[in-house]
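Please find the structures below.
Shared between the two complexes below is chain A, which has chain B as its partner in the first and chain C in the second.
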Partner chain A sequence: MNQFGVLLKKEWRENLRNYKLFWIPAVFILLGITEPVSNYFLPQILDSVGNLPEGTIMEFPVPEPEQVMVAIMGQYQLLGLLVLVLAYMGTIAGERKSGTATLLYARPLSFKAYFMSKWMMASIIALLSVWLGFLAGYYYTYLLFGSIDLMDLIRFGFTYSFWILLVVTVVLVASALMPNAGLAAAVSLGVIVISQLVDGLLGAYWPVSPLKLTAYAAAWFENGPDLADFWWTAGTTVLLIALLLVLGIYISSRKAASTKI
Partner chain B sequence: MSLLEVKGLTKSYNGNLAVDRVSFALEERTATALIGPNGSGKTTTLSMIAGLLKESEGSIQRDFKSGVGFLPQYPQFFPWLSALEFTEMAAQISGVDGKKVRQQSMRTLDFVGLGSAVNKKTGTFSGGMRQRLGLAQAIVHQPKLLLLDEPVSALDPAGRREIMDLLKSLQQDTTILYSTHILNDAEEMTDQLLFLKEGKLVEQGSLSEVKKRYAEPRIRLRFETEQAAMQFESRKLWPMIRDRHVIALPLTDEGPAMRQVLAVLANEESGIAGIDRQSASLEEIFLKVAGKR
Partner chain C sequence: MEESKLLLLLLPVLLIQLGLMIFALIDLIKIPYTNGPKWMWGVIIVVVNIIGPILYFVVGRRNY
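Showing the complex of A and B:
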């Protein structure tokens, strides 16, 4: 087995035995289910816990099933991303800080295999979580609000997957760069939040940006995004991920000396 | 040709020298002890040779292609891996042929005494077991050079004895460079001593050479009472050092010969209880070298 295979097996065992393989998808599934269910039962929920004055009448428009799916994505953009950052912030920084990386670095280790195995495993779990969450959410949306065109749903999930892969890559590069998991989380969240803020304020000037992926994903439920803009954005995202991977491999190698001996 | 040749090895952090122009060579199948006080640069030197740290200056020349085996002072393992899984991973990354990985890992774990714990998670291991596993991962790929950072300092006397015996049995096929501040260990398994102090190599040579250099032979007289020792001291026959009821007479050019001392003691009631000849122990040499400028 080559080094990538050996290290991927190690990552698989780690994610399996520390239960990340189960709890991360579980959180995404829970978020996916909560959105349609809480939307559907919102009047009853408010009735029972709302402490509203007697006689209050509130009219809630029934959301379209597509709107519920977009709302699930909104949950992922807040809580889902936070979960991914917290789960993978220590992937490299934590190993160096605890000294577990030392016995790997003292060998003829390929840092390409080292970084890519971690990225591959984190990406698989993140994508698995997002898709299981979307499917669970879709199931309840279908039951409670009606059906969605399956192709639109697939395009929606596919587009959002590009964004998730980019987020996972940013977290791993931050983990390679920073001396500890906490700082890696701060840097990852800082980069994600600030770039979203900048795109939110000035994004009207550039249609091609990875930060537009969530908007393009939602657009599949309407008339679909401008295809040229979408493909340029997807291509740019893939290129950015590739560049970040090269950077992550380089940084992991350069920072190997900071492992605890 | 030496197996490893280190020339002018230097490591500095923000201008502070951790290792300062250290040079030495290791011959094949020898054991070399790197000794020195805490903070003298032992771990930094080993880390540079292991490839974990990049040297600021100097060179490390190896006459072999295979990787080294490295055991840090406090080896850390992935707690969710079993001893066998970890050792197999170490073997595979070090390039052991896929078909031999299982067999070689099992044999190595057996050799270090973990044969019955191969499937136990490393997170449940005691200090002694961790040290054994650390040794197993360092030797599983049969490296020509084994680098050990304080391999037994964290162990109790029984554990220390067992690991030292394992290391001695490895010495037949492997070149070992290890740091230690337990001087009995250095005395037990050493072909060459390297004394580091404040990053500098202040003394080196074979155990016998170093001992000879710092031997300071002396006659030790043990008296029955402190008063008897004081009485003997007051006669100022030769230069001497008294410690309660024991007097040491350095055997220098100006000092006495053993038969002169015996003659003096035989002619009077001196209260002598015992007499022997001594040389400086490695511990005394260590203290002397550690204080050397």
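Showing the complex of A and C:
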């Protein structure tokens, strides 16, 4: 436990010094703000840059505030995930390459503490970013479109948090598995995109899958997801994260020898 | 009226953007060497909106 504390402190300092603690939340907040604002000003924007013929009249349906929140989540699913993958692709692979790992591995290191400290720090920053972004987006949506039930928003955020945790875990395991950061990013993006594709094509046959978390998150704004399905999905996701963590610890200890000096 | 409202709404966005730029520039000055020439990253950070500083943090810093 003590070693975990020391390593967590090291992770904290590292994330502070390479500014990840600042720029990742900044990106999510920007995404959260721009979505409602650009939605609100869409008619004016089209008017000034759209180069439409004189007299064109376009009717835009004003989106519901809930739809705007779901749209923010859509942005996170594209750009947000990309940012998370790029930010954490090198957590372990990059450390092996830069030589930091050599200093660490030369000591009697508990790989459990090592991997978990990295996972903990990455998860904290990712969740912080997502929640700050949702809150910023919620505030703007409230100003421009109308209010959303706060409980719905919290349920929505919690459901999405499970998915973000899973993504962070996948990236870290890929980083432990692959020889360099670029490959780790490619593998984790590949896994995320392919599983989304498979779920999109065949997902109608099973209601329980971590890929459905985004759909369930959005469903809170309507009648709410089927509770049994939702809890099974959440449980499966937690189990999957736990399995991946065990796998990650095992891989990072097995591949410790691949460190370069 | 609409214009000033838009400006007020976008003020936080501008501030975050400026903050990102300043953080990236401070880091660029302090760091001994980057991926590619330093002046190029300086230009990218200042000229390319939002994406510039992020690109620098992800690609330009040699943390990997």
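Note that in this section the second predicted complex is superposed on the first by the 260 of 261 C-alpha atoms of A that agree within 3 Å, B and C clash if a C-alpha of one lies under 4 Å from a C-alpha of the other, contacts with A are read in each partner's own complex, and residues count from 1 in each chain.
The working rule: a residue touches a chain if its C-beta (ideal position, glycine included) is under 8 Å from a C-beta of that chain, and two chains touch if they have at least 3 such contacts.
Since this is a predicted model, take the numbers as computed values, not measurements.
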Superposition on chain A - do chain B and chain C clash or fit: fit
Partner chain(s) touched by A:181 [first = chain B, second = chain C, both, neither]: second
For chain A as apex, the angle formed with chain B and chain C - C-alpha centres, to the nearest 10 degrees: 70
Contacts of A:147 with chain B and chain C, given as first, second, both or neither: neither
Contacts of A:86 with chain B and chain C, given as first, second, both or neither: second
Partner chain in contact with A:98 - chain B first, chain C second, else both or neither: both
Partner chain(s) touched by A:107 [first = chain B, second = chain C, both, neither]: first
First, second, both or neither for A:22, with chain B first and chain C second: second
Which of chain B and chain C A:38 touches, first, second, both or neither: neither
Chain B and chain C, minimum CA distance [Å, superposed model]: 7
Where chain A meets both chain C and chain B, residue numbers: 18, 98
Contact footprint of chain A on chain B as seen in their complex: 43, 47, 50-54, 67-68, 70, 72-78, 80-81, 85, 89-90, 92-95, 98, 134, 137, 149
Contact footprint of chain A on chain C as seen in their complex: 2, 6, 9-10, 12-13, 16-17, 19-20, 23-24, 27, 50, 53-54, 57-58, 61, 63-64
Chain A to chain B touching residues, read off their complex: 1, 3, 6-7, 9-10, 13-14, 17-18, 98-100, 102-109, 256-257, 259-261
Residue numbers on chain A that touch chain C, as the complex places them: 18-20, 22-23, 26-27, 29-30, 33-34, 37, 41, 44, 83, 86-87, 89-90, 93-94, 97-98, 136, 140, 143-144, 180-181
